[in-house]
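Two complexes are shown next, each including chain A; its partner changes from chain B in the first to chain C in the second.
Showing the complex of A and B:
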């Protein structure tokens, strides 16, 4: 089955990103495909490469990056939500004249249309959040 | 702007709004999804349940809390061809509200009809 995944909460504060990751991993192991993982609301904070969790804790952003590298998964942060919360990729950095970017590997920033597209194209869109 | 889909697939989208309009950003950002989604020519319905019914309350004034009064956008949804708004009867009643307290035309349905609406939908966003 082709899944779309929506993550609506930030890392560590809330279980949503962990559950979404474990779901995606399990789905892939069972032979399913992930059309896209879309991060909205505080979920965009999952895409920071500047997180430094303690060594004995999971590294949530890195874990997403590695899963994406291994299985070519499209990880998209909503641009409007990202701008509000200071998530920046090199293009956004230039466009909004910021002095840095902070996006982790394999994440990209794009519009809400990508979420709607996931709803249309995927056979199931699964939401993780409250 | 957003790239439009050329697949020609039309699905039944349902946006469920169940939180109060202010206090968290969910309601405001949900409306942003509805507005962008409107360009994709899908079959769109909005449902308001629980504290979500307060999103449609008339005469909201956010000037003292320094947030955007996005409630005005609901009355513009018609221009985006988003015309199916459903409000759950029980949620209104338990909050002391009637249809007259709402800023837009809606269809008030009871919880069993709401259940059917949800069951019949294909893509559900739950904000």
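Showing the complex of A and C:
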């Protein structure tokens, strides 16, 4: 079965990022596919490559990147939510004349249409948030 | 229809709202702080027991364990499932309502 996942809450804040990740991992282990994970609101903070959590803690952004690399998952940050929170990819850096980008591997920035498409294409859309 | 509730009923009224809207085709899965809604002898346990007459109620085991709780603290007939069980519930139910 094809799944879409919506994450509305930042990493290390309550449990939404962890629940979403563990759900995605379990679905893959059961032989299902994740069409896309869409990060909205504070959820866009899951996509920073500048995070350095303590070594004995889980690295939430890297964990998403690795899962996406292994299983071809599209990780999308909402552009409006990303702009407000300073999440920048190389294109956005140029467009908004910033001096750096900070997006983690396998994440990309796009519009809300990608969430609608995930709702249409996937057979189930599961929301994690706060 | 599968309903997931992720808030403690002592913090927010999402479980109460969910219980008001369910019917015999519903299942409820308690996750994250929502697992507190599965405890026996609380101010909400009567409403949960009443909902069990029509609706199957599940609780996510890893979230229960993370809070130092186990089967002995739960209302009877609430089924403990793992993430694999969570995935299967989302497949069995064509529609999903995630109460946040």
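In the analysis below, the second predicted complex is superposed on the first by the 130 of 130 C-alpha atoms of A that agree within 3 Å, B and C clash if a C-alpha of one lies under 4 Å from a C-alpha of the other, contacts with A are read in each partner's own complex, and residues count from 1 in each chain.
Rule of thumb we're sticking to: a contact is a pair of C-beta atoms (placed from the backbone, for glycine too) under 8 Å apart; a residue touches a chain by one contact, two chains touch by 3 or more.
Please read all numbers here as calculations on a predicted model, not as lab measurements.
J.: Figure out whether A:102 sits in contact with chain B (first) or chain C (second), or with both, or with neither.
T.: neither
J.: Regarding the shared-chain residue A:29, is it in contact with chain B (first), chain C (second), both, or neither?
T.: second
J.: Tell me which partner A:40 touches in the superposition: chain B (first), chain C (second), both or neither.
T.: Once the two structures are laid over each other on A, A:40 reaches chain B alone.
J.: Contact-wise, after the overlay, does A:126 reach chain B, chain C, both or neither (first, second, both, neither)?
T.: In the superposition, A:126 contacts chain C only.
J.: So, does A:117 touch the first partner chain B, the second partner chain C, both, or neither?
T.: Touch partner of A:117: chain B, not chain C.
J.: I'd like to know which partner A:19 touches here: chain B for first, chain C for second, both or neither.
T.: In the superposed model, A:19 contacts chain C only, not chain B.
J.: Residues of chain A touched: more by chain B or chain C?
T.: Of chain B and chain C, the partner in contact with more residues of chain A is C.
J.: Please identify the positions on chain A that touch both chain B and chain C, taking each partner from its own complex.
T.: In chain A, residues 125, 127, 129 are touched by chain B and also by chain C.
J.: How about chain A: which of its residues touch chain C in the complex?
T.: Those in contact with chain C are residues 1, 3, 8, 14-16, 19, 22-23, 25-27, 29-30, 32, 124-130.
J.: Please give the residue numbers of chain A that touch chain B in the complex, ascending.
T.: Result: residues 6, 40-41, 80-81, 111-113, 115-117, 119-121, 125, 127, 129 of chain A touch chain B.
J.: What part of chain B is in contact with chain A in the complex they form?
T.: Going through chain B, the ones touching chain A are 1-5, 7, 9, 11, 13, 25-26, 29, 32-33, 36-37, 39-40, 42, 123-126.
J.: Touching chain A in the complex: which residues of chain C?
T.: 6, 31-33, 62-63, 82-84, 86-88, 90-91, 96, 98, 100
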